[in-house]
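Read from first to last, the chains carry the letters A, B, C, D, E and F; within each, the first residue is number 1.
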Amino acid sequence: MGQFLPFTKQVLKNLFSEPATTQYPFVPKEYPERTRGHVDINKDQCILCGMCMRSCPPGAIKVDRAGKTWTINRFDCIQCGYCVEKCPKKCLSITAGYQEPGPEKFTYSVEVPYEPPKPAAKPQA
Amino acid sequence: MQEIKKDMYLIDKAELLQVIMEKKNALWRLCQICCSFPKAENHYEVTYSFANGYDFANYRLIVEKDEDVPSISRVYKSAIYYENEMHELWGLNVENIKVDLHDKLYRIDVETPFIEKEDK
Amino acid sequence: MTERIIIAVLYVLLAPFVIGLLDGFDRKISARMQGRRGPSVLQPFFDLKKLFEKEFLTANKAQLFMIRSYLVFIVLSGVLFFGGFDILLVVFSLSTAAMFLILASTSTHSPYSAQGTHRELVQIMSCEPMELLVAVGFYLAIGTFNVNEIIKTSISPIAYLPGFFVGFVFILTIKFRKSPFDIATSHHAHQEVIKGVTSEMVGKEYGMVTLAEWYENAILLGIVGLFFLNSNPVSIVAAIIAILVVWFLEILIDNTSARVKWQLMLKLAWGVTIVAAGMNLLLLEIIRG
Amino acid sequence: MSTIHKSPWLLHYDGSSCNGCDIEVLACTTPVYDVERFGVINTGNPMHADIFLITGGINSQNEAVVKQIYEQMPQPKVVIAVGTCACTGGIFKECYNIKGGADTVIPVDIYVPGCAARPESIIDGVVKGVALFKEKAAALKASENAN
Amino acid sequence: MGKRSIVPYGPQHPVLPEPIHLDLVLEDEKVLAAIPSIGFIHRGLESLTSKKDFNEMVYVAERICGICSFMHGMGYCMAVEDIMNVEVPRRADYLRTIWAEMSRLHSHLLWLGLLADGFGFESLFMHSWRLRENILDMFEASTGGRVIFSVNTIGGVLKDMPNDMLKEFVKKLDDMEKEIRETTSIFLNDYTVKSRLVGVGILTGEDAIRRGAVGPMMRASGINVDMRKNGYAAYNDIDFDVITSNNCDSYARCEVRIGEIFQSIDIIRQCVAKIPDTEINTKVTGMPNGESIIRVEQPRGEAFYHVRANGTKFLDRFRVRTPTFANIPALTQTLQGCQYGDVPLLVLTIDPCISCTER
Amino acid sequence: MEMLVTALICLPFLWAILPAVIHNSKCRAFFVYLGCGIVIALSVFTAVKWYLAGGQATDFDLPYREAFDHVILVGDIFLMCLITYLSFKYKKGVISLLAIVQTVLVAALELFGPKVQEAPALHFDWLTFVMILIIGVVGSLIGIYAVGYMHGYHIHHHKELTDRRSFFLAMIFVFFGAMFGLVFSQSLIWLYFFWEITSVTSFLLIGYTRTEEAINNSFKALWMNLLGGCGIAAAIAVGVLLYQNVNLYDMIKIAILSKYMGVPNTLCLLPIACLAFAALTKSAQFPFSGWLLGAMVAPTPSSALLHSATMVKAGVYLLIRISVAMADNYVGNMVALVGGFTFLAASCLAISVSDGKKVLAYSTISNLGLIVACTGCGYEETIWAAVFLVIFHAVSKSMLFQCVGAIENTTGSRDVEDMQGLISLFPKLAVVLMIGIAGMFLAPFGMLISKWAALKAFIDTSSVYVSTLMVLFICFGSATTMFYWTKWMSKILGASGKEKSRDLTKKNEYISMFFHAFMMVALILGFPWLSSHVLKPMSNEMFGTDVQVISYQNIIIMIVLLVGVFVIPAINYVLTKNTKAKQVITYMGGANCGDNFNFVSSTGDPKEMHISNFYMEDIMGEKKLFTPAIMVSTVIIIVYMIIVIGGAF
């Protein structure tokens, strides 16, 4: 074919072979294990130190010491994993599965069972 | 004043055009012009970077807050963008830019965002 | 006569369905050629119906009436063709229709419509000699411009008109707005003139233009078929096969070439017209003495 | 029956994204994801579009552009904000020239989070957006009849 | 005004994935003047240094652009490491090099696709992007992200690629190489493609220098400059030649980038063969104080990271001069006298990345 | 009849004295109107009378034939002296040589040459019938238009020029007289005289403004037309010396007979060849197109006059007249090829210009090319087409010129680019312009019907390569024609951001334009009638047969299309008038400033958007095509003339 329509071969090959298209959303997608999908918390280990809140670049995490909640706005999270890096208790993880799109931006909140240490420790600080 | 790196030369305003012409005639390429305003120093630093093949040279001009700098855009056309940027974002006056966009390069709402009001 | 009227009526009623379906397969096949699954074959009909359901916005109200006139003229040309009338007049009437499209497009003062329009004009200019020559070819081969008489010939016109056929298939690429000649209004959005002539056409306006294009494509494919028809009914099968082959060829070309610039299009179209059709013409004239 | 949900043509405009989301939007049209399966055509022209996919936040210069494009789209239309930047301004929300997510200038129907938003997310977003068309088309019809 | 048209081009335009605007003065379709304007994507992210500390800035730097995201992160980290005199472990250097070359690979394939789309060759666009998906899969498997990797940190990288994984990647690349070769031969040989590229948008070597062009744009004008030869990361261990072309037109730019695709595959192979087993990052303590200029060869050319620190966690100045910014003056030169239909193509031949240009 | 015809020829000459001597502008205007009215009335009356009398071709003499013969001889010499004087005055003395040679030749032959056969001087047949109607009606309307136009021209727009309106208006009447004389003349000597008058008058009209450009152009027109005059003089010489005959109709008969009798002597074709050559110059075919383009510098009425009803029509008339003698021979081939080539080349050139009058000029040349090509073919169908084209062309061109003139007076520009959105600014002018343009190319207006017939006939032409070339010329030429007209139309119907301003067009200009528009529509509607009642007898008279050129079926289609063109848009207009539509601004990629005419430019300020048409100067430009076109056509003419002359001896 030379200069004229040299792509024909490829095109015809494509025509008669299975397309590359995935079947998503009819068949769910399988993600590799390292995929950074969303941030999850192991609430039992969290000590409400607020490190994640302070380090999060877009400010997606709110840690409420008084209310004992850990809140994340997943419409604001950039899945950078810096909070995971920074968390002293390694209770955060970033795992496969992304936040579903939706008509509202909502936050996701967990009650953290952590009991702060006795006030006895306070004078030291 | 911080330490100056090995390929960085301090020049003053009078030398600028001479340096620029030398570079131009030796076919150096203008890599960038960087303007900064280190708060601690309280003056502008304008850095002109040139390259020729793998050779690299930077020339730094120290400019006081209310001073103007001459434009090099008539020698290096590509300086137009850098110089307009300096004026729009830092409020540094550049005299006689070849195409003066009068702060309409980025068309931002805030005035000179890299300089805080009281610094000016 | 009644026969001819029936065919013309069938054209008006069925052409959109047939061409729409061909278009659907076109999209499917193109997608597969690109290694994709592609849309449903009924997609063109969904698209068309949707366009008529959209809100009607316009930058210039004059546009709508010109577009309607365009549609009516295309259908009228089709009726003339399938009704078996004079093929040269069909070509003339098609160019009158095209003029309405052009006027519709420029009525809006939009930069993209305008660029598209000028390119459309260049396209028309590139194709028109060949279209007229096809009519001339039939006249030379069969002795009449009359479609109804052309189909009554004993030997298919293609026997006399191979050069004309080649030239015509070449300009079909332009007419179908296929790569490498989708210069004014391609079916791909990603081009410098956006959607060219149809850039400013919203909802039903765009729907009408699409419909008109289908009607026009029916005429063009009809002309392809005409090259193969003769008094023997079996030739109808040959004509249909020819139409399908040409149609597939256009899809293939579409998927294996880049969009060239209009200067090259003009040069190529005129060059092919002069060489292919011109030589054939000369030969026919010599044979006729 | 309206067929708009079967033929949603989309328009993509890059507000002030980092490109990450843009190329993922574009990737959706390519063989592996092929949104044309759902009848989607990526048109570049607001006059022909049904879905407005906006990536990136709003800044002082593109504000007018986004508004203009939105207005040039005929009803019924759906706006999908793709990527964290378009949802909230994301990492750039503290920049001096970022006014916020797409919803600061136009009503957004679906938010697709992610940095960058994955093609799967975008497909989900489009599917959800398309589902809104039925109501919107009915509303348009009702308002037309009322006139 | 007579026969001249004065029309806007963009900001929203389907052939421009990112908004830029040109005022075009046309005669028929001949471009007599093209005046670009930018700023539609200007965010002002350099100013974030006053709000985010120098560690967080890594994540900002990555998001200067979603295409060479990795290299931005790397360039920024290298500059800060330079200031803080941090010796990066060798394995981290190699990993950075591999990711950087993979980025180049994906970026050039992406560009080839966009170029094909720019001249209306839809199936070729689809094909290029289909090939590119393989690279993205490798990214996701190794970093967890398709587009933004978040693996750079000051002092090295955060994630390691086990040697098995590297071997597997090399095998995949071997398979792809053949396919890429077939695809790229279309760009170089097809008649219709050549009609769009050859002789279009001439930029002579001298003009390239005068206008400050960088990267493939410059190398396609016959100028032999590639920042990788400065030997940052692991490049001083790698054997490669700078690819140039003397045609100075769009075809040459295409040629250079295609050459670099195969070059990248080769560099990755060399890296995988030589990669040492060391740590992947070192612990960094203290605050940066000082100044550094780092130049990195991105897919689009030389990028500039000028960091000035003052001993606090907030930097004084973080200046990025991206390759597209440097190439715009060259673009306006090539646009002069071209055809309207060439405009998107010429804009594409600098491989524009507006988001990094405007930051 | 004799008296009527005599009046028709002589009255305009005499009437010309009135405007020449009256300098009060109101009074002069009155006499011009009156004169034009009389000319219209007289020509229509003559034509109708002849038509009612059965439409038989008749030969007759003027009263006092002898005296007229002498007047003509003296007139010839007077014209020669005038030309010589003027050309020396403007230092172009060489040109006078052309005049001297031919006049001396003709005068010498007349005075000292062999005695020629006596024959009646005048002839009246169907072709004459069509011509006098065109000259009388269209020409006089231009006269009426001229009064108002020239008033505006001098009083408002060109105060710097000397006001020589008296002279201008007088020349118009001279023109009428010459044209009438030309179409009636049977004797070549008479024809030659009137021919020279038209050359000289047009020369004077073109040079009207006396600017340097005008003078140069007028001399260009002069020498080209004089060259044509030489052609006629040569024909006279051949006629006198070989056949002792200077009767045009006899020459034609000789040529036809030579063909039928199988006489191989191409000598018989020589006079026809000379006449054809003359006609090619006058009808501005390539390579002689330059003069008509140059004629644009003159005020619009004279352009209109030269382009539509008179001057160029003289050439075309002569070609149609001799066409029967050109069928299937070298002369015919030459004329056909030159015409066909001109049709294509001029229409390509028309694409590249934006000056409205220049577009019109090229389109005139192009259309004349088609007519000339038809005559060169010399078949019934082509003559049918040629005459149709002449009629349609006269009306629509006159209308277009007037309209462009009026637009120029009103808006200050005649550039097509400046007519953006004319329909909303000056709807009346725009409508007239649209009708005129539609008449020039659109199905199913006259031009197209004729093209259909011409194409058919060319396919049937016997010479293989002429036929092939002609078919290609027509096919390509049609495409280029469509291009330049459509782009003009699209300008007019576009949107405009300008403020409406006052329409400065005079009432009498409108009267003339509307009358033309009305005629245009009437012609289209009446074309089947015209075909069967005028063109059929004409072809019967010329060929002795009356073939139905266009089939009944096609006439029906034409009428359907015609109705379509008027009715469909009208219905659609009514249908869409009340469509509810939300007004939006046009799409400019988001750069729009809020209306459809300005955008945010790269400097951040609003900038006005300009959209202009394609001109393809690199491909079709005058610089690129003009000289090659002249060379090609010159070669065609030289080669064929050598064949004809060479064959003769």
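Operating definition for what follows: contacts are C-beta pairs under 8 Å (C-beta built on N, C-alpha and C of every residue); 3 or more make two chains touch, one makes a residue touch a chain.
Keep in mind the model is a prediction, meaning the values are calculated, not measured.
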item: Shared chain contacts [chain E and chain F, defined touch]; value: B, C, D
item: Chain whose Cα centroid lies at the greatest distance from that of chain E; value: F
item: Most distant chain from chain C, judged by the mean position of its C-alpha atoms; value: B
item: Chains most often in contact, by C-beta pairs; value: C-F
item: Euclidean distance of C-alpha centroids - chain A vs chain E, Å; value: 27
item: Mean-CA-position distance for chain C and chain A (Å); value: 53
item: Where chain A and chain D are represented by their mean Cα positions, the distance between them in whole Å; value: 23
item: Rounded Å distance between chain A and chain F, as computed from the means of their C-alpha atoms; value: 81
item: Contacts with two or more other chains, residues of chain D listed in rising order; value: 13, 30-32, 34, 37, 42-47, 59, 61, 65, 69, 72, 91, 96-97, 115, 118
item: Residues of chain B whose C-beta touches two or more other chains; value: 106-108, 113
item: Chain F: positions in contact with at least two other chains; value: 580, 584-585, 587-591, 600, 603-604, 609, 611, 613-614
item: Complete list of chain pairs which touch one another; value: A-C, A-D, A-E, B-D, B-E, B-F, C-D, C-E, C-F, D-E, D-F, E-F
item: Chain C partner contacts - residues on chain A that touch it in the complex; value: 5-8, 11-12, 14-15, 17, 19-21
item: Of all residues in chain F, those that touch chain C in their complex; value: 421, 442-444, 448, 452, 455-456, 459, 464-465, 467-468, 471-472, 474-476, 478-480, 482-483, 486-487, 489-491, 493-497, 553-554, 557-558, 560-561, 564-565, 568-569, 572-573, 575-576, 579-589, 596-597, 609, 611, 613-614, 619
item: Interface residues, chain F side, partner chain E - complex; value: 354, 415, 417, 588-591, 599-604, 607-618
item: Chain D residues within the chain A interface of the complex; value: 31-34, 37, 80, 84, 87-91, 93, 109-115, 118, 120-121, 123-125, 127-128
item: Chain B partner contacts - residues on chain D that touch it in the complex; value: 59-61, 96-97
